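Structure incoming, see below.
A, B, C and D label the chains in the order they appear, each numbered from 1.
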Amino acid sequence: MMQTPDPQLQFDLKVADEQRIEPKDWMPEPYRRTLIRQISQHAHSEIVGMLPEGNWITRAPSLRRKAVLLAKVQDEAGHGLYLYSAAETLGASREQMIADLHSGKAKYSSIFNYPTLSWADMGAIGWLVDGAAIMNQVPLCRTSYGPYARAMVRICKEESFHQRQGYEIMMTLANGLKEQKDMAQDALNRWWWPVLMMFGPKDDESPNTAQSMQWKIKRFTNDELRQKFVDATVPQAEYLGLTIPDPDLKWNEARGHYDFGAINWDEFWEVVKGNGPCNRQRLEARQKAHAEGEWVREAALVYAKKREMRDER
Amino acid sequence: MFDTKTYSSEVNQALCDYLLRLADSSLILGHRLSEWCGHGPILEQDIAMSNLALDLIGQARNWYQLAAQQAGLGQTEDDLAYLRDAPQYRNVLLVEQPNGDFGQTVVRQFLFDAYHYYLLQELGQSADENIAAIAQKSLKEVTYHLKWSSEWVIRLGDGTEESQRRVQTALNNLWEFTGELTKPDQTDEILHAAGLVPDLRKIQADWQNRVQSVLNEATLQIPTRAWMQKGGKEGIHTEHLGYILTEMQFLQRAYPHCEW
Amino acid sequence: MFDTKTYSSEVNQALCDYLLRLADSSLILGHRLSEWCGHGPILEQDIAMSNLALDLIGQARNWYQLAAQQAGLGQTEDDLAYLRDAPQYRNVLLVEQPNGDFGQTVVRQFLFDAYHYYLLQELGQSADENIAAIAQKSLKEVTYHLKWSSEWVIRLGDGTEESQRRVQTALNNLWEFTGELTKPDQTDEILHAAGLVPDLRKIQADWQNRVQSVLNEATLQIPTRAWMQKGGKEGIHTEHLGYILTEMQFLQRAYPHCEW
Amino acid sequence: MMQTPDPQLQFDLKVADEQRIEPKDWMPEPYRRTLIRQISQHAHSEIVGMLPEGNWITRAPSLRRKAVLLAKVQDEAGHGLYLYSAAETLGASREQMIADLHSGKAKYSSIFNYPTLSWADMGAIGWLVDGAAIMNQVPLCRTSYGPYARAMVRICKEESFHQRQGYEIMMTLANGLKEQKDMAQDALNRWWWPVLMMFGPKDDESPNTAQSMQWKIKRFTNDELRQKFVDATVPQAEYLGLTIPDPDLKWNEARGHYDFGAINWDEFWEVVKGNGPCNRQRLEARQKAHAEGEWVREAALVYAKKREMRDER
């Protein structure tokens, strides 16, 4: 007599074997919940992340830069779409995810609660924020859940393009007039520390990391990724002739890594709690867009039904 | 770079003016659409409006480049976009009107697209090869624009009571800006005589038919109001354009002579 | 022209910075108030807000003139107002926040006035005669500002349910921008040590008492939220300031080297 | 036995004798109605007139100009207040007058339906629009209705100050760089004809003029005032070195006046009917301000009542 296979065992074997879990496969509820939380949070970050950069589209200093920036922000909207779709394969509804964002229940990346104050911020965001995002996301291309991994492949390709564009903006400014170079340095000063915080709390304060790594949702710890980012970024800043605003930053021959100064975790937690410079502004912008779009979504629905009824006749 | 033709100074001057009209209308409408980015009513439509904006900005760049070369003063596309103030801008008034709600944006887009589509179709036949080439390329994009805006006009017009009221109001308010789209002036006449641009009377008829048929399907009323505003093509705008340019040009004005 | 004193370069540099803070805060708040002109909820209050704006712009001019002279670089008041970009502006974040509804404007005004009033009272005693003179003159105006905004906070707070809800929301939202008003930094310390400006801790206490007492009368709750935004005094602003300056500076930027 | 004096006769005698009619005096109903219409229309013009100039306060090119412009627009609000008060002495309520403005029943000067497109328009409005207004208003200082006449005395004093400021802006531009001079000429080109229309239709198409002149509400006909304005303004334009956009303009030695070209009365009537470039925009701005101020007015009222009740206790 054949034994019914134990689904948990099958799941564990698949994960261990680096196979992808697909929507129709059995999966443990905590795995599903963790993924929905992570993917929707990632989707929300793409959508909220449109706002700080969107802030400079109408003020971009050349037609070429304007087109590139607009296309970039549009890509972010596209990433949001793929990710909402990936989360939907786990049984979450887009409507509910958006409601959770607007109610404050769901989070998004805290980095977008910082303001974009000059054109150089378009460079800094591309270079540093997208750079940090890629560090986080490249390993996610091998994450155990299939639809998420495939979405990330596409997203990472575009993100790395965005990062190059951002670095190119910084390069142009750093090689420009003094005012432009100052603008670039000022942007680096403001974004550096918040970007380091993007990798999340220190490993010993990140309780979910172990489980996520076991499920192969996550592949590296927060601190590992943060170190990789610093190591990659310091030479890029040097090449630009810009100074990273950290007096404690220095190469550690023994470790083969850069040492860097202490992160202000109070600020991190305050921003997470909603006290960042732009938390309210960002959420209000999204809530407003959603509320003002209500009549449009309703009209589209009613029209589609009318069409359907007419077609039936 | 274009291989530009040489025209009589009268024709060349009219041509440069005409190219700026095309470029400015595309740029300003693209600017307005780009204001929606991140604030659209539906994520998919946010993306669609960015697409439209990107197409229009791209078209504007082509027209500016041709205008700059045809004028022969060594200007760049960015000089033309960023260093002219409102009275030098030649866009039609329609495109500078505020976004309002999504319905108003859709109606503005449709009224312009219907004109833009037939205009580009004709410009694709221009005796000037550069004009013809840019127009043909743009027409592919604008064919989609017109499809998108027509569908939304119909969807909202024939949607709920509220959506119908909103788009009908938008239509009533924007109607007065449609007159100058197809009303020929001296520039149009000179260039038409030279075989470079179409007779606007033909565009007027095509525009009218298309608008009528889409509005019918959308169960909307064509406004009966006959008085039409004009001035955009000669540089006399509404109060909105100044604010658009103030924002758009700030960096170029505040930090002159920079590479970006 | 002022008969300016000579200070050590450290003090003089701090002083120029401090004067810009005073000037910029007044100018930006005056700018915000001037946005109401023609759009107020009651004609008499439209006029009152223009009065406040005029006083503040006048005060800004005095502080800019003194700053320019104290810096000794041959700048004019207009150079300082029109040719610095946002990172060079030193106004507190509170004054650049949007007008919102009339309730938000009134709350923003009250929170600033209560600080401005006590600050000017102390600056009126400054060892620098120019500072003392401008402060004394300004204090007369700001005494009225504080009366106006206190009365309106009370009227709206203790008015209808809707008005109370609106001003309470405004208060909750603006509260996080009050911290930097009275938080001393190095500039404040250097100048206080030199006897030129007051100890902000004293202003803090007076401000707190006044705010508490007016909010009590207005039946409003002091927000408990403790985290405070900062950065304005060092040139790190909210996203709003860029738009204000873009609009304000357009003509000076687009048409440089002109007399107006 | 004393005869009851005939109030109509007394009124006619007073007017003929250049005495003022005061609020408590008897007056014919048509006189009252005409005055309410004219004074409220004048008040509305001041209020709507704040908008085109208000459009440039935030963009004024120097702090001095900004303060002067703001003070000017504030004066206009003040004029609106005096005039609403003068109309109230005739039994009209401010609320009703404002409702009539917002419903489109009451008119305001059509000149404010033209856009302000450059800084030079602040000069042109002061010089030409206020100049034309003064032509109209100086005779009103001697108008037969006392409160109106007294309001006009105060208003005319301020208006003439505004006109000088406007002319000074034009002078500065006309003596400035080429771009500034072009700006000034462009403003003159756009405002000249609409300003000539401010004096109202030709005398033979202005049916109310005769009655108003008989009541000594009006002292000169539209065409007389228009001619006075042209005669006064042409030398001023010459002094500025600007060209009035009328090829038919020339000195007529025989008449001792300037002849000028034909006015486009079609445009005039279209603007009156609501088809000017900014009719909708202006009215919507006023309606919006009023609607958004509703809760403020209500709260002020409720608070005042609460105070009253507390004071009684």
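Everything below uses one rule, namely that contacts are C-beta pairs under 8 Å (C-beta built on N, C-alpha and C of every residue); 3 or more make two chains touch, one makes a residue touch a chain.
Quick caveat: nothing in here was measured; it's all calculated off a predicted structure.
Asker: Counting only C-alpha atoms to place each centre, which chain is farthest from chain C?
Answerer: Relative to chain C, the chain with the farthest C-alpha centre is B.
Asker: In whole angstrom, how far does the Cα centroid of chain A sit from the Cα centroid of chain D?
Answerer: Here the centre of chain D sits 58 Å away from the centre of chain A.
Asker: Centre to centre, by mean C-alpha position, how many angstrom separate chain C and chain D?
Answerer: So the centre of chain C lies 36 Å away from the centre of chain D.
Asker: Report the inter-centroid distance (CA atoms only) between chain B and chain C in whole Å.
Answerer: Roughly 43 Å, centre to centre.
Asker: Which chain C residues sit where two or more other chains touch them?
Answerer: If we look for residues of chain C contacting two or more partner chains, we find 85, 246-247, 250.
Asker: In chain D, what residues contact two or more other chains?
Answerer: Where chain D meets two or more other chains at a single residue, that happens at 59.
Asker: Assign the assembly's chain-to-chain touch graph to one of these shapes: line, ring, star, complete, other.
Answerer: other
Asker: For this structure, give each pair of chains that are touching.
Answerer: Result of the pairwise touch check is A-B, A-C, B-C, B-D, C-D.
Asker: For chain B, which residues are in contact with chain A within the complex?
Answerer: Contact set of chain B toward chain A: 27, 31, 34-35, 37-47, 50-51, 53-54, 57-58, 60-61, 64, 77-78, 81-82, 101-103, 154-156, 158-160, 162-163, 166, 247-248, 250-252, 255, 257-260.
Asker: Residue numbers of chain D touching chain B in their complex, please.
Answerer: That would be residues 55, 59, 115-118, 183, 186, 190, 270, 273, 275, 277-278, 280-281 of chain D.
Asker: Can you check the complex and tell me which residues of chain A touch chain B?
Answerer: Contact set of chain A toward chain B: 47, 50-51, 54, 57-67, 70-71, 73-74, 77-78, 80-81, 84, 119, 172, 175-177, 179-180, 285, 288-290, 292-300, 302-303, 306.
Asker: Under the definition above, what is the set of chain B residues touching chain C in their complex?
Answerer: 85, 243, 246-247, 249-250, 253-254, 256
Asker: Which residues of chain B touch chain D in their complex?
Answerer: 85-87, 173, 176, 225, 227, 229, 231, 236-239, 242, 246
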